[in-house]
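Written below as structure tokens is the structure these notes are about.
Chain naming follows the written order as A, B, C and D, and within any one chain the residues start at number 1.
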Amino acid sequence: MTQSSGRPLRVAMIGYGFMGAAHSVGWRQAPRVFDLPEAVELAVVVGRNEQAVARAAAKWGWAEHATDWREVIARDDIDLVDIVTPGDSHAEIAIAALDAGKHVLCEKPLANSVEEAEAMAAAAERAAERGVRAMVGFTYRRVPAVSLLQDLIARGTIGEVRQVRAAYRQDWLVDPSVPLGWRLQKEHAGSGALGDIGAHIVDLTQFVTGERVTRVSGTVETIIRQRPVLGERSGFTGSATGELGEVTVDDAAIFTGRLDGGALVSFEATRFATGRKNALTIEVSGTDGALAFDLERLNELRYYDRTAPAELQGFTTILVTEPEHPYVSAWWPPGHMLGYEHGFSHQVVDFVTAIAHGTELDPTFADGLAVQRVLAAVEESAAKDSAWVAVDAPVAVESAIPANV
Amino acid sequence: MTQSSGRPLRVAMIGYGFMGAAHSVGWRQAPRVFDLPEAVELAVVVGRNEQAVARAAAKWGWAEHATDWREVIARDDIDLVDIVTPGDSHAEIAIAALDAGKHVLCEKPLANSVEEAEAMAAAAERAAERGVRAMVGFTYRRVPAVSLLQDLIARGTIGEVRQVRAAYRQDWLVDPSVPLGWRLQKEHAGSGALGDIGAHIVDLTQFVTGERVTRVSGTVETIIRQRPVLGERSGFTGSATGELGEVTVDDAAIFTGRLDGGALVSFEATRFATGRKNALTIEVSGTDGALAFDLERLNELRYYDRTAPAELQGFTTILVTEPEHPYVSAWWPPGHMLGYEHGFSHQVVDFVTAIAHGTELDPTFADGLAVQRVLAAVEESAAKDSAWVAVDAPVAVESAIPANV
Amino acid sequence: MTQSSGRPLRVAMIGYGFMGAAHSVGWRQAPRVFDLPEAVELAVVVGRNEQAVARAAAKWGWAEHATDWREVIARDDIDLVDIVTPGDSHAEIAIAALDAGKHVLCEKPLANSVEEAEAMAAAAERAAERGVRAMVGFTYRRVPAVSLLQDLIARGTIGEVRQVRAAYRQDWLVDPSVPLGWRLQKEHAGSGALGDIGAHIVDLTQFVTGERVTRVSGTVETIIRQRPVLGERSGFTGSATGELGEVTVDDAAIFTGRLDGGALVSFEATRFATGRKNALTIEVSGTDGALAFDLERLNELRYYDRTAPAELQGFTTILVTEPEHPYVSAWWPPGHMLGYEHGFSHQVVDFVTAIAHGTELDPTFADGLAVQRVLAAVEESAAKDSAWVAVDAPVAVESAIPANV
Amino acid sequence: MTQSSGRPLRVAMIGYGFMGAAHSVGWRQAPRVFDLPEAVELAVVVGRNEQAVARAAAKWGWAEHATDWREVIARDDIDLVDIVTPGDSHAEIAIAALDAGKHVLCEKPLANSVEEAEAMAAAAERAAERGVRAMVGFTYRRVPAVSLLQDLIARGTIGEVRQVRAAYRQDWLVDPSVPLGWRLQKEHAGSGALGDIGAHIVDLTQFVTGERVTRVSGTVETIIRQRPVLGERSGFTGSATGELGEVTVDDAAIFTGRLDGGALVSFEATRFATGRKNALTIEVSGTDGALAFDLERLNELRYYDRTAPAELQGFTTILVTEPEHPYVSAWWPPGHMLGYEHGFSHQVVDFVTAIAHGTELDPTFADGLAVQRVLAAVEESAAKDSAWVAVDAPVAVESAIPANV
């Protein structure tokens, strides 16, 4: 139940927002539901506001709290750093932690820029040589239905992939009175719907097909260009007067991608799909069948078998709650639903197992970088009148490390 | 394209209500879509109100109209009588037509009482000896998805039938201001939800399983017992004063049946299922799979295959619009929907084919009688505190003929 | 019941393929279900193969057949010409018929090129001045659920349109053994998925939003580039030897459009969506709600009301079979499904009514031209590395008439 | 954060099967997600097999383990006893715990007999006088969609309840090789589908309508009457020889109930619904609308509003993941799914809150007893040829206490 050192794997979590809550559930639940090869300890949660982070520690079950992530990373008793801060701090923290020999789980998106992501991937590669692991938190890969989808494609169940249709649609920006929070400002969020939810559908497409998006053509759009300023968070001063500020990120991104196997993918990421709350949908069409998933019905996978007798063909709604399905046997009997946060437990299970066994684990920082490159190419295409843009081939990572890291 | 006599099959339709419209579509469309072994002529439509029946004839494409069904039945140039009058006149017309040597298609329910139905079945049996055919209009049997359902069970696709769940739910009586029409009066309608829509689920259950309901236990219920009187139709005189009259038929019937193969069936027929417009649903559970149908999505059949690999099991939604499916190849390409009235064309196709080829054809009057006996047994059970009641074994039909026929 | 001339409207149908069957149902059924202001006669069906067209006439109920459409158009007793030939003959026939003073219903796509479509629109405009009507057969506009969708948007039910997502997905080309029929050759079909099914989603988008697509960026793709040659139909001679020929049209088209109101539309038309048979789907997101339609469940419309109490919001599945819904009251009671061909009856009803009353009627040839221009712009964009291309503003139609017409 | 005593609420859980895992999640998660008025400690888990219970304690996070529940109940430092043993030991443990002044949460069914349940309800009533609370674990009441359903009915949203349709369908007994476990033997399990899953639909019906089932007529059925004997668990000795033993509980129960408000309820509980894994469905039809729930889509509630404009009526699928919905705001953003075990956290939240505030809390032991009485009446009806049987009016609880308690 312990590392070779004889003690549990001690985790420090940097950040304590909504994602901190979700990651905390993962760390707490995984060892109580699955049989982990290492014991796990929720050692310390780190944030700048001491009062708030102390509350988070008490609430979520972390033994300690701290305000200086550098000090925490320097501690000998910390084995693993889990980063759930906003994207603009991921690179600095992750690289420092990896260089300090800590395993790193970094929430998506890997970074706010390709350059940062490249530096992080390089750091992960250096760390790997010393047996230190890095993983990016594309948690939806570990929804059982998605994991099954990937596995079925890998086994050839639907034959060769011919087309993919992927969308992530939400509607929280339809209301024009939604204020100009940090997520709507480029300097903080990097990008809008594209980077936040578009990242998920790019990663899932690459994950389930086992292919990379090599070229893209796309459009990004800011539908409501001005929103009410929020005094303290925005840096503006006129909130009390009803002043409006500029939205500097996209509300929607529509793009087409080419996989290295040749198939076309239609992507749509939007925060303006009225009535759609969290509608990540992906459908993969192959020569022998198709598979379709909808995050709003995350316990279901739809499978079409083109090789079945003609009169019996149709989409089969598989309730992915059987013991034969990925991750499920540790949970409940057939027909008992899993929810959003179960993916975070599965992520912990797989990460801890990889650490204990010294095995490879997806999604790597290189996978996160690959997503980042696709998103950057979409933005470049959008700026070039939607011309097709090649996604950069991964350059040698050494040369990609910024000098100042 | 003609009978041995060298002329088309000439049809007389008795009645011209809503069902007359639907039957007319069937007669008009079938020869224009399918290849019938006999030509068909819409010869005459019969009704008591000359002006109204003349309008119906012109509108629906019948060559003539008439007001006396006895005269029409006596005509040598009429080959087939299609009865779409209310149930209380079915027996008299059908028996007369059969005895006159006319083929008869009689809309369901076969009759308002078991006695009448027995007399009709006896007449049909006598007529059959002379090559005259009789059929009862349980049209839903000829919805392609239902026909496929039946066929799959017959071929053993779901193994042995273990349980059936059947319901027909509508909501048009939820509104207490719905007046006391003839359908809510026992002397005219025979029964309420039980005879009108309960008849369909009993017939479909017997059809798709190939078994008979042998015993029943049930409850019938009148939920709103008084409704506004309609002057002219009800026989009451006080309509102008807002007088209320007694509803004398059931609004809902819930009953359990035993099939001769041993399986239990849960039945529910109700006009009080708020929001359900025409929700005939049937699900058959077998040892190797299950099949489910919903009339509100009549182009779909759901199939569960218990013999599939465990991880891929689920209900498959078959879009029953492929050329391999019953009746479909004569219509449109895959994915093009069929509607309610297509069943009436299919009924014509099968009936005309059976007449031309001299072959047997379901549902016979004996099938209609079997349904009637089940419904009567439900009413008897309801009257006996829901005690189980055996459905009468078909007695020798000769002895069942009332003396006055 | 008649024209001012005192006689029924006499129809000639040119062509007798699958669309001829569907149009024939419309002409036969409409007067028997709806109250038309003019009587209608199925006068003559025209085709080059006399034997085949004679069969079609007999089968579908046309009084006569003929082989020369020019002669038919010249007949004084013909009032209306219904064109269901392949797209490459639409312009010639339609212009001749309009110039001869016949009302024209022309199946979509209006033509195989923008130039032809422009000439047709000009002819329609000239004809309109003489009271002669022209209509293009985008029949899906007259599916009751689609008509309701349009009406709700027009009434402001979902507020201002913010985004549209439209797709038409089929799978009949997934099988590489599907031969190289005329639909896969540019010289006959004009284009592939784009012109055949993409045309529908462009038209529906413009119809339901009441806006025009003004700019597009897109990609077209031929996924399987060679297919088995069919001797007689393809012009190749090597079919017996298993020779392969080039597919010269697109299998899939993915494009983004901008509406004149500013909203973005994502379009996808493909014949490679494994398991999707006829999946025309459209979802319109507005400031106050959303509406979604799926042709594979054509009796349903999904409506999201953003103004409802927060706890009760969700997509409402409206069963579009109530008497309050467009076209429905002439058919069956609530909950009784309509099918694919009902749209053809509705088209006849509206066309005949417009002719009788001298009123305007959509979709006009100008609407068909507008679709053609969008499709042409998509092809142009695809040829220009997906650059955004403006859809030609409708030029003065006079100047657009080719000299040789 | 603590009781008046200044220390956390210390919990002992008796039993450690599947339900022990689920309850442990509830105790662990609730304080880490919700703001509880009392701190909670997972003090001790109790089981007869010391090794196994020690493993469970370590796995699930209980501080101690023990083998003698009587000793644990006697401890002063235990405040609350959570009973997750099989039903035949509920009465003894619960009554002892309540009499010892411990709050008790007892998993459903409350007991295996009405007599035991009556004694438990009496004990709960005695305990209540001393401020000690008792609750029965009908956890499905605390699925957010179910809680919303109940609340909407209570607020009159669907008007007066006119009909209810409730079913709980599973399929794990379709396979005849499923062995004769304790759940299939009356002496251990009390009853079969009726008591296990039928109990849930009876409770939910009573909960959401706010009414009691007063009379029932029903049938219970054992479909496969002999199954392979399991040596150690069954008490039989012939397992190695493939001996078959008698199934002594029901596989399916179909019954009709009458609510005290007059409405009829159709109930079906079966373990033979092929393809249905955990299909608890309930639909309540009212004068102004309807509400429908399906446990296999537990984040959704379907609502029909009869008062909406006619053309917009339909079932609205509410995604019950909004902050306005019960329990949801403590979890994730809109559109993020909850799962099966969340109900166990909600149960803990409500129970701890009721204890801290001294407020009433459903479902009480009296509610559990009411369910038991309905089930007993169903069995009695089944034994009396499905005659209607009155559900015993709750007698004065004092007189119901067996002498030996």
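To be clear about the criterion, a contact is a pair of C-beta atoms (placed from the backbone, for glycine too) under 8 Å apart; a residue touches a chain by one contact, two chains touch by 3 or more.
What you see is a predicted model, and the numbers here were worked out from it, not measured in a lab.
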item	value
Most distant chain from subunit D by Cα centroid	C
Contact-richer chain pair (by C-beta pairs counted) among A-D and A-B	A-D
Whole-Å gap between the CA centroids of subunit B and subunit D	43
Chain centre separation in whole Å, for subunit D relative to subunit A (CA means)	37
Approximate Å spacing (C-alpha centroids) for the pair subunit A, subunit B	56
Shared interface positions of subunit B, touching two or more other chains	276, 313-315, 319, 322
List of subunit B residues in touch with subunit A within their complex	148, 303, 305, 310-319, 322, 324-325
Subunit A - residues contacting subunit C, complex	158, 162-163, 165, 167, 171, 174, 176, 217, 219, 221, 223, 252, 254, 256, 264, 266, 268, 270, 272-276, 283, 285-290, 304, 306, 313-315, 385-388
For the subunit A and subunit D complex, residues of the former touching the latter	18, 21-22, 24-25, 28-29, 32-33, 59-61, 170, 172, 276-279, 295-299, 319, 321, 332-342
